[in-house]
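Shared between the two complexes below is subunit A, which pairs with subunit B and subunit C, respectively.
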Partner chain A sequence: MKHRLSLQIGPVSFRIGSAWAEPLDALARLYAGYSEPEDGIADFTVRLEPEQIWRRWIRPSVAIRGDYILPDALPLALAHGLLAAEMGMNLQMALGQKRFLLLHAASAEKDGRALIMTGESGAGKSTLAALLGERGWRLMGDEFALLDLDEGRLHPFPRAVSLKNKAIAVMEQEVPGDRFGPRLEDTPKGTIRHLRPNQEALGRMGESARPALILFPRFGAAEAIRGVGQAEIFMRLTQASTNYVTLGAAGFDALAKLVGACPAAAIDYPDTGTAIGLVEELWREAA
Partner chain B sequence: MRDARLLVRALRDPDGLGLLSAGDWSALVAAARAEQLIGSLAFRLEGRPLPGRVEAILAGARHDAAQARTQALWEAEMARRALAPLDLPVILLKGTAFHAADLQASEGRSVGDLDILLPRERLEAAEEGLVAAGWERLKPADGYDDLYYRRWMHELPPLIHRTRDRMIDVHHTILPPTARPTPDAAALIEASVALPNGLRMLSPADMIVHAAAHLFADGDLAGGLRNLWDIDRLLREFAAGSADFWPMLAQRAERHQLGKAVALALRLARRLYATPVDAGLAGRDRPTDRLFEARLLARNGWGQEKSKLLRFAFYVRGHWLRMPPLMLARHLWVKARG
Partner chain C sequence: MAGPRYIADPEDCVRSVTLDGLSVLFHRPSGMTHIVASPAPEILVALRQGPADAAELLRRLREAYDFDGDEAADAVDARLAELEQAGLVRRA
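Entry: the complex of A and B
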């Protein structure tokens, strides 16, 4: 393809090709400081290309394609090309990742042990993980947590954090401006701004950690901590996994081991300050 | 050679692959995924020294293939149970048949829909049986597509299972009745072979005739490299297994009026995958063979389709073969307005 970029994110390598320069220029700026894959080989290929040939020039619209595609995925405006690249990489992970059990979860590490946070969209896991990443934890990822199928260790996937709507302002108060991507208005998910994880997260993206605590955060309710039974934890995590079914027995075993080894709780919080306090409290108890 | 040609070479001669650059490996994986051949490639390269990342990708593909096999055989078993009370021969076609019979063609073979063949006069009863067992009609009943299938196609409108979300295509022959050749459907059923699971598959020669018909006498050659790889694996296994395979193939191709498609399949398998074929049956190379080859290879190392014009020409050819001109005009008119 005319324009191309290779990225290593945690243990996964991507090759992104684009018919236009702009999306990859934006991607290269956002991912400054990431390395190219050492072996030069791509786990996944992502393609940003015009839906129809003439759409390269006339009302350009970016179709998200690659090794794995969703046939009915809508194209994005060229101005949202960076988002298209991000969605393209996520799509490859969600549909094509077979080496790890993929959990739609945020994760952070401290003292070699990992915290996993999962919840529905809007539960605040991205924001919480990003905040923890600035307050003494190592951010492992805001979107996907990769669980090793044999050893049960958690591998980082520290792509740029995708901040949506009100979360953008929260992080803008916390982090210097040069780590942010452009503000993308009116995307299908509202306003989005990407945040590059800090040097700690990038420098240690090859280091896995032992899972130690699972939390199910929920934003918008009064402060509360609730216990969750193991069967429910298991079911919630199968729902949070994109490849649990395709991995078959290996996925079941890995997940059963994780649930057996980790304490878990559901937390409700009215604001992020409260949430951080709850996380630290439960983390101390889990230690 | 970072395109589908590299994929063909890797499948044909994994030992002669030589040293590939990182870019070649990325291209090979992308092309194999795009052509639904990553599983087959994974089996062909198994046990060879590979870069770690490639080995991990291919191990994942082998795992997927095993899962696909389990799922395909389970779907076949579900159909068997649904149709058992009707006491009719249920013949598995394509990928599911390869897996059920444990043919070499099943190694790494992905399976999409379940394809089965039944006697035409039992089609309605079979559809009722499947619907009672949880399959649902995908196309609105009595819409254009539904009626088109029922009147002009060699299969029922596709049915999808309510809870398992898997499709079944119920065929009564192997080409649309509107196509020029008319395969002998009764003979296909007559010669079919019993499988250990209580279902049946086509006889070896008919299986080749079907694969050739599917590839060259129907449709636009989409997924053609995979279908031709099936043909290569099948021919090698069948020819090694029986001394009179080639004469039998000649006879069956004739019987089903598909001699040309079979000859073309043999020539292209030989051309791309170096398949040993019966020279008499394959016939002399024709100038148009190159066009077919180019169409089959119209995929680059980014997994993109290339040669758009050639692809379009084959799309038109596919429709042309499938229906007479006036009917084609009417069909395209309805589709364009829809």
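Entry: the complex of A and C
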């Protein structure tokens, strides 16, 4: 491919190739401070290609390709090329990761112990993790939590945080402007702006942590904490995992160990301030 | 007249953990995960002794557990049908 970029994010490395310079320039600016893979070999390859060859110049649209392909992944406008690169990295992880049980969850660490937050899109887990990352916690990741299959430790995957719609303004008040990517309007998920995690998250991206608390946040309801039975937690986490079925017995064992060892709760919150308070309260109780 | 006889996979085909009183089972041959409540796990254990119809299964369960007659027979019939549908037991 004409343009290339390699990135190490936690224990996973990517090589991204693109037919255009723009998406990779934007990606390189957003991921300033990240290392290249030490051995020069990437775990996953992402390719951003013209949907059809002549469309590289005429109304270009970006098709996301790689080692693992979803045949119906829609092409994006070139203006959203940065989003295409991010989605491509997520897609390769979701379809191809075999070393870890992959949970679609945000995670943050304090005192060597990890908080896992999972929920449907819009539950606010990215925003909460990003906020915690600026308020005394280490952001481990906003999208995927990587559970070690043998030791049950959680590994960071601190890619750029994908902030959507109202979450953008929340984080713009919290974080200096130079850590943000461009504002991407009218994407399939609305307005998106990426946020580079802080130096603490980047500098410690090789450090795993022991899972200590699982939360199921839900934005938009009155403040509440609800208990969740362990069998329901297990079921919810299988649904939150993109590779549970592929991993077979190894995934079952890893998940059973996690659920058996971690307290969990569902939290409803009307605003992020309330959510942070609830998280801190439950974290103290779990200690 | 004897009803259909059922059989369950051997123990090493099913991994099991108990969470909050429910059993979470990973069925290796199918790769499927099931969450089941009592008496389903007990039925699976009893069927591993060998093929059995509902009456024989009930007799095996009575050896290990203390319960009343008619209701238990209905419950065992219902659970067997569910377990068969889930692929955890099959006709012998």
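Quick notes on this one:
Just so we're on the same page, the second predicted complex is superposed on the first by the 287 of 287 C-alpha atoms of A that agree within 3 Å, B and C clash if a C-alpha of one lies under 4 Å from a C-alpha of the other, contacts with A are read in each partner's own complex, and residues count from 1 in each chain.
Here is the rule we use: contacts are C-beta pairs under 8 Å (C-beta built on N, C-alpha and C of every residue); 3 or more make two chains touch, one makes a residue touch a chain.
Everything quoted here is computed from the prediction, not taken from an experiment.
Contacts of A:32 after superposition on the shared chain: neither subunit B nor subunit C is touched. Of the two partner chains, neither subunit B nor subunit C is touched by A:224. After overlaying the two complexes on the shared chain, residue contacts for A:248 are found with subunit B and with subunit C alike.
Touch criterion not met for A:287: it reaches neither subunit B nor subunit C.
In the superposition on chain A, A:259 contacts subunit C only, with no contact to subunit B. In the superposition on chain A, contact is made by A:235 with subunit C only, not with subunit B.
Residue by residue along subunit A, subunit B and subunit C are tallied for touches, and B comes out ahead. Put simply, subunit A uses residues 248 to touch subunit B in one complex and subunit C in the other.
Those residues of subunit A lying in contact with subunit C across their complex are 229-231, 233-235, 238, 244-245, 248-249, 252-253, 256, 259-260.
Contact residues of subunit A toward subunit B in the complex are 1, 13, 15, 17, 37, 39-43, 45, 47, 49, 53, 65-68, 96, 98-99, 246-248, 250. Residue ranges on subunit B touching subunit A, taken from their complex, read 21-23, 25-26, 29-30, 33-34, 51-54, 56-57, 59-61, 63-64, 67, 70, 302-304, 308.
For subunit C in complex with subunit A, the residues that touch the partner chain are 15, 17, 19-20, 22, 24, 26, 28, 31, 33, 35.
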